[in-house]
Structure formats: structure tokens, C-alpha cells
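Listed after this line are the structures, all set down as C-alpha cells.
There are two complexes below, and they share chain A, which is joined by chain B in the first and by chain C in the second.
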Partner chain A sequence: MDFFGFFTDPVLRGPTIGSMLMCLVAALVGVIVFLRKQSLIGEALSHAAYPGVILGVIVAGIFSIDESNDLTIASMIMFGAFVSSLAGLWSINYLQKKWRIRSDSALCFVLSTFFGIGLTLASQVQISYTSLFRKLPAYLFGQAATMNDIHIYIYVVLALIVVFTIILMFKELQTLTFNPDFAESIGISSRYINGIFCILTVLAIVIGIRSVGVLLLSAMLIAPAAAARQFSHRLPVLFFLAGFFGIISGYFGNYLSITLSHHATAEYPNSKMIIPSGPMIILVATLICIFALLFAPERGLIMRFMRASYFRFNCLSENILKSLWRLDREHAATIKTIYSSQHISVIYLRFILYTLKRNGWIQTVNGSYQLTNDGKKRAAKIVRLHRLWEVYLAEYLGVGSERVHRNAEEMEHILTPEIERELTVLLKDPKWDPHHQRIPQKEAYEYV
Partner chain B sequence: MQKEDKLTHPVFQADQVTVNYDKTSVLWDISLKVPSGKLVGIIGPNGAGKSTFIKAALGLVKPISGSFFYFGKPLKEVPLQVAYVPQRETVDWDFPITVKDLVLMGRYGKLGLFKWPRKADKEAAEYYLNQVGMTAYKDRQINQLSGGQQQRVFIARALLQEADIYFMDEPLSGIDHATETVIMNILRQLQQSGKTIFVVHHDLNTVQTYFDWIVMLNTRLVACGAISEAYNSDTLQKTYGKSYSLFDEALKLSNNKASGLL
Partner chain C sequence: MSSHPYSDVGFFGFFFQLLLRLWGLLTGNIGVVDLATDEVQIIVLVCVAASSALVGSFLVLKKMTMLANSLSHTILLGLVVAFLITQNVGTHSLNINVLLIAALIMGLVTAFLTDFFCKVAKLQEDASTGIVFTSLFALGIVLVTMLTRNVHLSTEVVMGNVDALHLEDCQLVLIVLAFNIIVTTLFFKEFKITTFDPSLSKALGISVICFNYLMMIQVSATVVGAFRAVGVLMVLAFMTGPVLTARMLTHDLKRMILLAIAFGCSAAIIGVALSRHLLTYHGLALSTAGLVVCTIALQFIFVLILNLQSGLLRKRHSITTQEATFSLERL
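== the complex of A and B ==
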């Protein structure tokens, strides 16, 4: 089956489009949940939806609705989930406000109580409505495969409601999430806006339980938002990216679930294996998230590691320039002399010396190393920053002169020209450092 | 204290306000009036209820009893005439927003529910960003700002509200000298154009040079009046001295008893 086949095939388009819509909605709502650091809310509310799912099934059973009447059963289950999730939300608020229970305790209490009630009811369904009971695992782990066009219609309407509400309330949500006190002071009612947002969260959960299931749903709220945060500093972009990652997770999770199920059935024809879509969708979303955490250009771990390594490399280079400057400004130093003052391996030292030479800071004379004219200026500049900082620490911050060296050793690589200028003015361009060593003056490091 | 009670047209008035808030910061029976066009310092020791007073005045914290009046009316009738600068530390500076979008929030109150900012609002935001000297940073992410720059951005946001009364919670704490000068100049300009500014302040050395009206709080109101009359060693002693600690203790005890904790 090719890419478009999943959108046109009458059996496959239900699960495909359904999963994508559900992941889109969850990802959008998730952005705000993520920024408010309320991941547990999603977890609690999705679990709280479970007894509602079961009640929906029981009601369907009581009215002996035919198993093939998908629309009615699906609506009943979704309505049940919506109501019980809202009841969960209300219980959490009640516990926090009236009983003064801490929010994490309240969340856990509601999560386990509601889920427990759901499981108890489920065992009842197993006895009384055996045929309907077979539908239940789909809501625990998500089973997109049995969705059809009717589900798409429901999901499209719900998804549109969520998307438009978020667009409409963008500035209110932004302000309330960033600075609740200020928002309230300019007349944004946290009660109403947060109330509406809670309903959106519950809607996202209700839409999501069919394809991801109550157990894994909170991951779908957080993973796309966390991935998107790695790439952007702007809230609108964050929404777009998270939505995009959500849609991708929905498509490929569903794709994996269907193709893997095919393979499994081909391999073991008698077992009738079905790979649930929920874990597959979460798997894809998590992979995207891990990829973002590792490779994002600014915040990604790998880029940060590389920048940190480069910084260390730069510090070492400057330290070597400095020691050459101190050892003997005019004559060359052998690699042995340099090595004795550095705490690095000889190979690394040779590599640094090689790059320093290639960049024109040092030159070799009969196998020994010597600063070039440019190198002398750069070294003088580093020494100046070091000693200026020492003076600042000793004179302005009252740090004992025996303790200033260490900190200055670090700061000499960090101080910017602006800070240097301010230091020079503040300290009145001092000539001597606290150890009575000369501070290199302008003519030593500036080009004339 | 008798003197300002005679004020006939106070721009701001608190009437027997008592706040019991999270059991720690408490305000007890505060009544005061402030005339228009004053630069008002609010001082008092830690936990004296300075922030709580501002929050209660803005309706963010509900007093148990008492009420506030702006131009003789409750806040509900004049919401857009009051601007607020919260404490810098109360927000998450890693939030994904740029400097100019943060400032733009100052217009959200005027825009009303569900409306998007217009070009005019953005131009105004840029104008006030320039006034606090932050134009060069307008497209920066807010987590790249220093403490002083964060404060300037917060001030710009409040300026964009173009209100008549400003409440600022410790705008001068933890910032560099240059920013302090910039902010004080802006506050004086605001005052000259007839606005009233309330500033929660910590540095007693600068109180007399910065403010012309003072509110001294320590759970109860110690003094409120022109700085030349109300601010003296006697009131300072009362505000920061030990005489109130017994009162505090008794109040806490009574709160705990009332809520059944003791």
C-alpha cells in the first residue's frame, strides 16, 4: 500500500485520518499543558475517562443496541468518557480547593480511584455483555483499525472545535499561561478561560482514547510539544510544529500498526494477531521527541555538547598562548616545557599546537614554539582580562587576593569586549593586579 | 493620619481592608487615601503584606472584608485605568515569547476577549519599548534578557496599558544601576503627566529621594501621607521595629485556631 492508499482505501482511511486528527488535537492542547508543566493532568483525566467508557458500553448493553450500530455505540462511549473525565476534573479541583489536598496527591487519588472503578465495572461487563466486552481493550491501548468513516465525521467536528477555540483564545491562553496574575489584572478571567481550556483537554482525551487508549494518552499530549519546544521560541510556531509532529505520529503509528498486524497474521495465520495502534503512535511520537532532544540546532544535546567541547578547546588554546607569553615572550619553548604546565595528553596538546600554528598564532623555530606577533597581542589581551577581573574581584567584591586567581582563570575566556570596556572605566584603567603583576596596556594588545 | 482623611477626591482609597491569604501574609484593617499625581512608595519588612496589598487592590486576592475605590468607584467600573507590574520572579522567563510580544500583552485588556492585536497596537508597543531603551532587543527571546532588561520589558508592558494608576511590585530590586535610573526617569515622567504610581520598595536609602508619598505597612497600616510628614524615625521604628511582632503572633494564632489547625 502506498502513501496515498492510506487516505483513499475505504477500510484504511478511517483509522488513518482518525488517528491523524486525534494526534493533531492532542498535540495542540498538549502545548499549553506542557508549558504549564501540568503533564499529570492529562494522565489523570485520561484514566478518569475509563469508567465512562465502560458505562457507555453498559448503557448500550441495557438498550440492547446491536453491535453493528457503530455510530450509536461510539457516541455513547465518547459521551460517557467525556462526562466521567469532567467528573474527574471536578473532583481534582474539589479536593484541592475544599480539602486543601496538594495537587499531585489529588491527581494521583483521582487517577487511581476512577481507573479502579472502571476496571471493576469492566469485569461486570465481561459477565453481562460478553460480546461488547471485546470492544473494551481498544479503549485501553487504542485500536484505530476498526474505525470507519463515521468516526472521521465525529472527529473532524470535534477537531475543528478544538482548533478554532485555540485560535480564538490564543492571546488569553498565552497571557494566562505566562503570567496569570497579570492576565487577571487586565480582565482575563482565569475561571472562564481555564474552564474552557479544561473542556478542550477533556475533548482531546475523548477523541484520543479510541486510537491511543487511556493508558498512553498523556504521552501524546506531551511528546509533540516537548519536541516542538526544542526548535522554536515562539508560541504560534510551537503550535504549528507540535500539530505537525502529532499528525506525523498519527499517520506512521497507524501505518505501523496495520502493516505489522498484516505481517503477524501472515506469519501466524491462526493467532489473528492485532498490533494496537496506541503503542505504535506513541512510539513514533517518542522517537520524534528523542530525535529533537538530541539533534535540535540550538537546544539539542548533541549541538550543546559540541559547543561545550569547542568552548573547552578554545579555553585550552588560550591557556597555551598565555603560558607561552609568560614563559618567554621572545624566545621559543619546547613542547616539553609547554606540556609541563598543562593537564592534557600529549596528543591533544600536539593537536592544539597544530591548530594554533595553522591559525597564525604561533610559529615553530627549530622545532620549538614561539608566539607570532598576532599571538603576542592575543595572549596579552587574555592576560589583561584575567588581571582586570582579579582587580575587580579584590577591590569591588572584597574577595581576598589569594582567592581571585581561580575565578579569573575561568572568566578570562568569557569576558566580552563590552564588559572589558566597563571594567576599564570602573577600575580606572589599573596598571597592576592584586599580585603586583603588570596588567598589559592598550599598546600591548591593540593594532596600531 | 487625620490629615489625609480630609482628602475629598482621592484617586485611590482603601476602606477597612482585611486580607487573610495563605495564612502567611496578612493585612489587617487597612484604610487609606492617596491624592492624584503622587509617586507612592510602599515600604515595610518582609511578610508585611506589601504585595498582598497590591494584589488585593487589583482584585487578584479577595479581601475578607473592606473595599477599594478608584476615583470613587470600584475597580470593576474603571478596569482599564489601572496597570500592574508583577514581581519579576513570579513568571517563567523560559516561556516561548519574544520581547515585543510580551510588551504587546499590555494592550490585551483594551482589545477585549478573542480580538487579535492590530497594527496600531504593535506600533505603540514599539514606541514604549524605545522609551525603556529596549528597541534593540525587540525580537529576542525573553530568556536571553538580564534581570534589569526583564524589568524594563515589564515596565514597557505596563506603559502600553496607558492607565492612570500604576501598581509596581518591586520594580527596582535586583537590577543594575543604569536600569534603576531609566525606570525612575520614566516614573517621574508618568507622575508629571498626572498619573499616580504605587511602588513596592525595599531600599530605605532612596525612599526620600524617589517618592513624595509613602505607605508604611506592617500587617497594619503604620502611616500614609506626604513623605515629609509621614516618613520619620518614629514611623520607621513602628514599621520595622519589634512592637508589631506580638500582634503578628497573636494574629497567626487566631487564624490557625479559626481554621482548626490548632
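== the complex of A and C ==
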């Protein structure tokens, strides 16, 4: 099956589009949940939806609704999940506010108790409505594969409601999330907006339980938002990126679940093995998140590490140029002399010397190293920055001249030409540093 | 075992019968092998409840219950890996030692990964907790399904199955309970100090991190002990419910722990009795573990209402005395 086949095939398009819509909604709502640092509320609310799911099934069983009447059963289950999730939210708030139980224990207690109640009810369903009971594991781990076009209609409507509410309330949500006090002062009712937002969260959970399941839904809220956060800090971009990541994980999670199940049935024809879609979607979403955490251009771990090591490398090469300049400007220095002044391994030192040579800062003379003219200028510039900063520290900040060296040792790599110009003007182009050493002049970068 | 001793007694008859059987067990009339399934269930659930209450007390006070939540999810992966290893070695039953070691390693991995995402990858703390445990859990479910080619097994690990308990299962929970009791009594003072006054404990040279890790080991051991009986999720109710109930009644730490254990154990026994009663008289075979959790919730609500009423009474009382003094002053 090719990429588009998943959208056109009458059996596959239900699960595919359904999971994508669900993940989109969860990801969008998740952005706000993530920014408010309420990730664990999603966990509690999704577990709290479980007894509602079972109650929906029981009600369906009491009215002996035919199993084929998918629309009624699905909406009953979703309504039940909605109500019990809201009940969970209310209990958490009640326990926290009224009884001053800390949020983590309140969350944990409500989560596990609701789940336990759901399980007790489920065991009742198992006996009374055996045929309906077989539908239940789908809501635990997610089972997108059994969705059909009817589900898509429901989800499209719900997804549109969520998306439009977010668009309409965008400004209020933004203000309330980032600056609650300001929001209050300009007359945004936090109670009202928070209430709507809670309903949105519950709605996203209700939509999501079919393909991701109550046990894993909280990750679907957080992972896309966390991944998006790596790339941007603007809220609209966050929404777009998170939604995009959500859709991708929905598609590929469903794809993997279906193809893996196919392979499994082909290999073991006797076992009716179905890989649940929930874990697959979550794994894809987490992979995206981990990738973003590692490789995002600005905040990614690897990028940060590379920037840090590049900076260190730069500092080291500048230090070596400086030490060569100080050792003896005209004559070559052996690698041993250079090594004695640096705290790095010989191999790394050789590598740095190699790159310096390639950049034309130094040259080798009989196996020892000597500064080229360019190198001399560059080294003199660094020394100038160092000593200018020392003068600045000593004269303007009143730091004792014996304590200025260490700080200048760091600043010499950071100071930009603009700052250098400013310093030169401010200090009236000094000739000597606090240690009575001559400061290389800007024009020549050299002593006369 | 000729006939089931509890099959035809009512809810209160159950307790009477239980006492009789206990007496028989103590006097040696009933051997250990003759224990009825209900009694095995009671032993396991009581042990689980007691361990959970012990560990849960400090978890709730330290605001670390979410750690228990994530551990209870990730342990599934540990169990799968333990299952894989034992299968490769050749023994087909899950060895207790392997289980405990798997739990321990999983606990450490969870804590390490959460810390890594939080500190090194600069993800906010709640999100890193949420992502780590759910993804490990997802991995666990996928592996279980693929390896056993059966989705119901993972359901069983999540939900537990009290009816499938055997006498051998008592061994594991007893070991876990003994471990928890020993650790808690040995380090009671340290736990107390690290919980209530971390800066004092630092001054005294007691490492908070070290004891947090010890607590984490306790949590993972407890979850492993409980997963067969109540599943990895409902054990959270065992850990938080009785403790929160006890906390409403007392502020003394020792009394709170003892009360929590009492609440947990009584809920376990009542749950089993309730399940038997419903089965005999109403033909309802409800999940015993679920009923225990419901009992825990009911206990909590009961104490809550009790507190609410006494609180209201106290308030009304104080208002009337205030009014009285006020009118006296006016006179």
C-alpha cells in the first residue's frame, strides 16, 4: 500500500484520517497544556475517562443497542468519557482547593481510583455484555483499525469545534497563559477562559481515546508540543508545528500498526495478533520529540554541544596564537614549548595547530611553529583586547590589578570590534595595561 | 480442599468464617496448602496494601507520587525484558529474583532518563516525566504484544488478575513486605528528616538524594509485588488512597502510617468479602482488585464527609460562641 492508498482505501481511510485528526486535536490543545506545565493533568484526565467509557458501553448494553450501530455506541462512549473526565477534573480541583491536598497526590489518587472504578465496571460488562466487552481493550491501548467513515464524521465535527475555539480564544489564551495578572487587569475572566480550556482538554482526550487509548493519551498532548517548542518560541508557530507533528505521528503510528499487524498475521496465521495503534503513535511522537530535542537548530542538545565545542576550539586556537606571540614572535617554537603552556591533550593540540596552519596563521619551520604575518596581527589583536579589558576593569570598575587577568582571559574571546572601538574611545587609547605591559596598537597591531 | 469454605456465607458470615479459619490455621488444624483461593487473595492483597501504605506515606509527604506513577508504567518494560531473558536462559517461569532485579533496573532507568531529559536536554520537568514514562510504557506494550502475540497479556499486566493468584505468589509479596518493613523501620528517622526538613538533613550529613533513590527502589519493588494481583496502575490507589484518608485524621507521622496500613488492609479484606458476597448472592463476578480500590475510595469519601461535618459543626460552634461573647459585651 502506498502513501495515498491509506487515504483512498475504504477500509484504511477510516483509521488513517481518524488518527490524524485525533492527534492534531491533541497536539493543539497540548501546546497550552505544555506551556502551563500541566502535563500530568492530561494523564489524570485520560485515566479518569475510563469509567465513562465503560458506563457508555453499559448503557448501550442496557438499551440493547445492536453492535452494528456504531454511531450510537461511539457517541455514547464518548459522552460517558466526557462526563467522567470532567468529574475527575472536578474532584482534583475539589481535593486541592477544599482539602489542601497537594496536586500530585490528588492527581495520582483520582487517576488510580477512577481507573479502579472503571475496571470494576468493566468486569461487570465482561459477564453481561460479552460482545461489547470485546470492544473495550480498544479504548485502553487504542485500536484505530476498527474505525470507519462514521467515526471520521464525528471526529471532523469535534476537531473543527476544538480548532475554531482555539482560534477564537487565541488572544485570551495567550495572555492568560503567559501573564495571568495582566490578563486579569485587562478584564479577561480567567475563570471563564480556564473553564472553556478545561472543556477543550477533556474534548481532546475524548476524541483521542479511540486511537491512542486512555493509558497513553497524555504523551500525545505533550510530545508534539515539546518537539515544537524546540524550534520556536512564538505561539502561532508552536500551534502549527505541534499540529503538524501530531498529524505526522498519527499517520505513521497508524501505518506502522497496520503493516506490522499484517506482517504478524502473515507469519503466524493462527494468532489474531493486532498491534494496538496507541503505542505506535506514541512511539512515533516520542521519536519526533527526541529528534527535536537533539537536533533542533537553536535549542537542540547536539547543536548546543557543537556550538559549545566550537567556541572552546576557537578559544584554544586564540590562546595558542597568543602564547606563540608571547613566547617569541620572530622565532619558531617547538610543539613541546607550546604544549607546556596549554592544558589539553597532545593530539588535540596537533589538530588545532594543523587547522591554524591551514588557515594561514602559522607556518612550520624545521618542525617547529612560527607565526605568519597574519597570525602576528591576529595574536596582537587578541592581546590588545585582553589588555584593554584589564585597563577597563582596573580603571572603571575598580578591580584590583592583580585580579583582572583571569576575567580578561575569558573576555578576550568575546569582545567584538564594536566594543573594542568603544573601549578605545572610553579609555582614551591607553598605551600600558595595569601590569605595565605595552598594549599593541590598533593600527599596527605590533610594537614598533 | 473438598468444598469452598466461603461459598455460601453472607457478607458478615465471611468475616466470621475468616476468623474461624484463621484460628484453625494457628492451631494447626488447617495446613498452609489447604488455604482457599479467597484466603490467598486476602494474604496477597493485605501484603500489597501494607507495603503500599508504608511506601505511600512518605511518597505523599515528599510530593513524589508522580514518580510512583511513572515507575508503575515503566515497570511493564522491565517485566518484558525479564521475560525475554528468562526465556532465553531456558526456565519458563518468571523467577522472583529476576523480577526484582528487573524492577530495580527499570526504576533506575526511568529516574535517569527523566533527569536526563530535564537537566541535559532542557525539557521542563513535568513534560520530561510525562514523555519518558509513556514512551517506555508504549514500548513495553508493543513488545509484549509482539512477543506473546496476544494483546490480552498486556491488559492483564495493567489490570492485574486476582483470580489467577496461587500460593506461590504469596512468597513474592511477603518478601516485598518484609523488605519495606525492614527498610522503613531501619531508616525511619532518616526518612522523617529528609521528608520534613531537607536542609537539616543536609546539615546532618544525610543525603536526600540517596534516600530518594532508596524510596524509588521500594516503590519499584512494591509495584512488582503488586502487578500480578492488582496491576501496575491500581497499586497507585493503594499507595495514595489510604494515606490521604489517614492524613485527614491525624498529623502524627507514626500514627498516620499505622492508620494508613490499617485502612489499606481493611479495604483489602472488605474488597475480597464484597466480591465473594456479590458472586454468591447476586451472581456478579466483579474484579476483586477493582472492588478493593472502590472500598479505598469509599473509605476516603466517608472520612471526608465525617471531616466535613465536624468542620461545619466546629465552625457553627465558633460562630455561636462568637455571637454569644459579642452580645455579652454589648450588654
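Note that in this section the second predicted complex is superposed on the first by the 371 of 448 C-alpha atoms of A that agree within 3 Å, B and C clash if a C-alpha of one lies under 4 Å from a C-alpha of the other, contacts with A are read in each partner's own complex, and residues count from 1 in each chain.
Operating definition for what follows: a residue touches a chain if its C-beta (ideal position, glycine included) is under 8 Å from a C-beta of that chain, and two chains touch if they have at least 3 such contacts.
Keep in mind that what you see is a predicted model, and the values were worked out from it rather than measured.
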*State whether chain B and chain C clash or fit side by side on chain A once the two structures are superposed.*
fit
*Does chain B (first) or chain C (second) touch A:288, or do both, or does neither?*
neither
*Which of the two partners, first being chain B and second being chain C, lies in contact with A:21: first, second, both, or neither?*
neither
*Which superposed partner A:115 touches (first chain B, second chain C, both, neither)*: second
*asked:* Output check: A:415 vs chain B and chain C. Expected answer is one of first, second, both, neither. What do you get?
replied: neither
*Is A:60 contacted by the first partner chain B, the second partner chain C, both or neither?*
neither
*chain B versus chain C, judged by how many residues of chain A each one touches*: C
*Looking at the overlay, what does A:181 touch: chain B (first), chain C (second), both, or neither?*
first
*asked:* Quick check for you: in the superposed arrangement, does A:278 touch first (chain B), second (chain C), both or neither?
replied: second
*asked:* Contacts for A:81 in the overlay, against chain B (first) and chain C (second): which applies, first, second, both or neither?
replied: neither
*Where does A:169 make contact in the superposed view: on chain B (first), on chain C (second), on both, or on neither?*
first
*Closest Cα approach between chain B and chain C after superposing, in Å?*
10
*List of chain B residues in touch with chain A within their complex*: 55, 58-60, 79, 82-84, 86, 90-92, 95-98, 101-102, 105, 108-109, 111, 113-117, 141, 143, 157, 161
_Applying the document's contact rule, which stretches of chain C touch chain A when the two form their complex?_
59-60, 63-66, 68-69, 73, 117, 120-127, 129-131, 134-135, 137-139, 141-142, 145-146, 149-152, 154-155, 158-159, 231, 233-237, 239-241, 243-244, 247-248, 284-287, 289-294, 296-297, 300, 304
*Of all residues in chain A, which touch chain C in the complex?*
34, 37-40, 42-43, 47, 99, 101-102, 104-105, 107-109, 111-113, 115-124, 126-127, 137, 140-141, 215-216, 218-219, 221-223, 225-226, 260, 264, 268, 271, 273-276, 278-280, 282-283, 286, 289, 293-294, 299, 301
*In their complex, what parts of chain A are in touch with chain B?*
35, 168-172, 174-175, 177-179, 181-188, 229, 232-235, 238
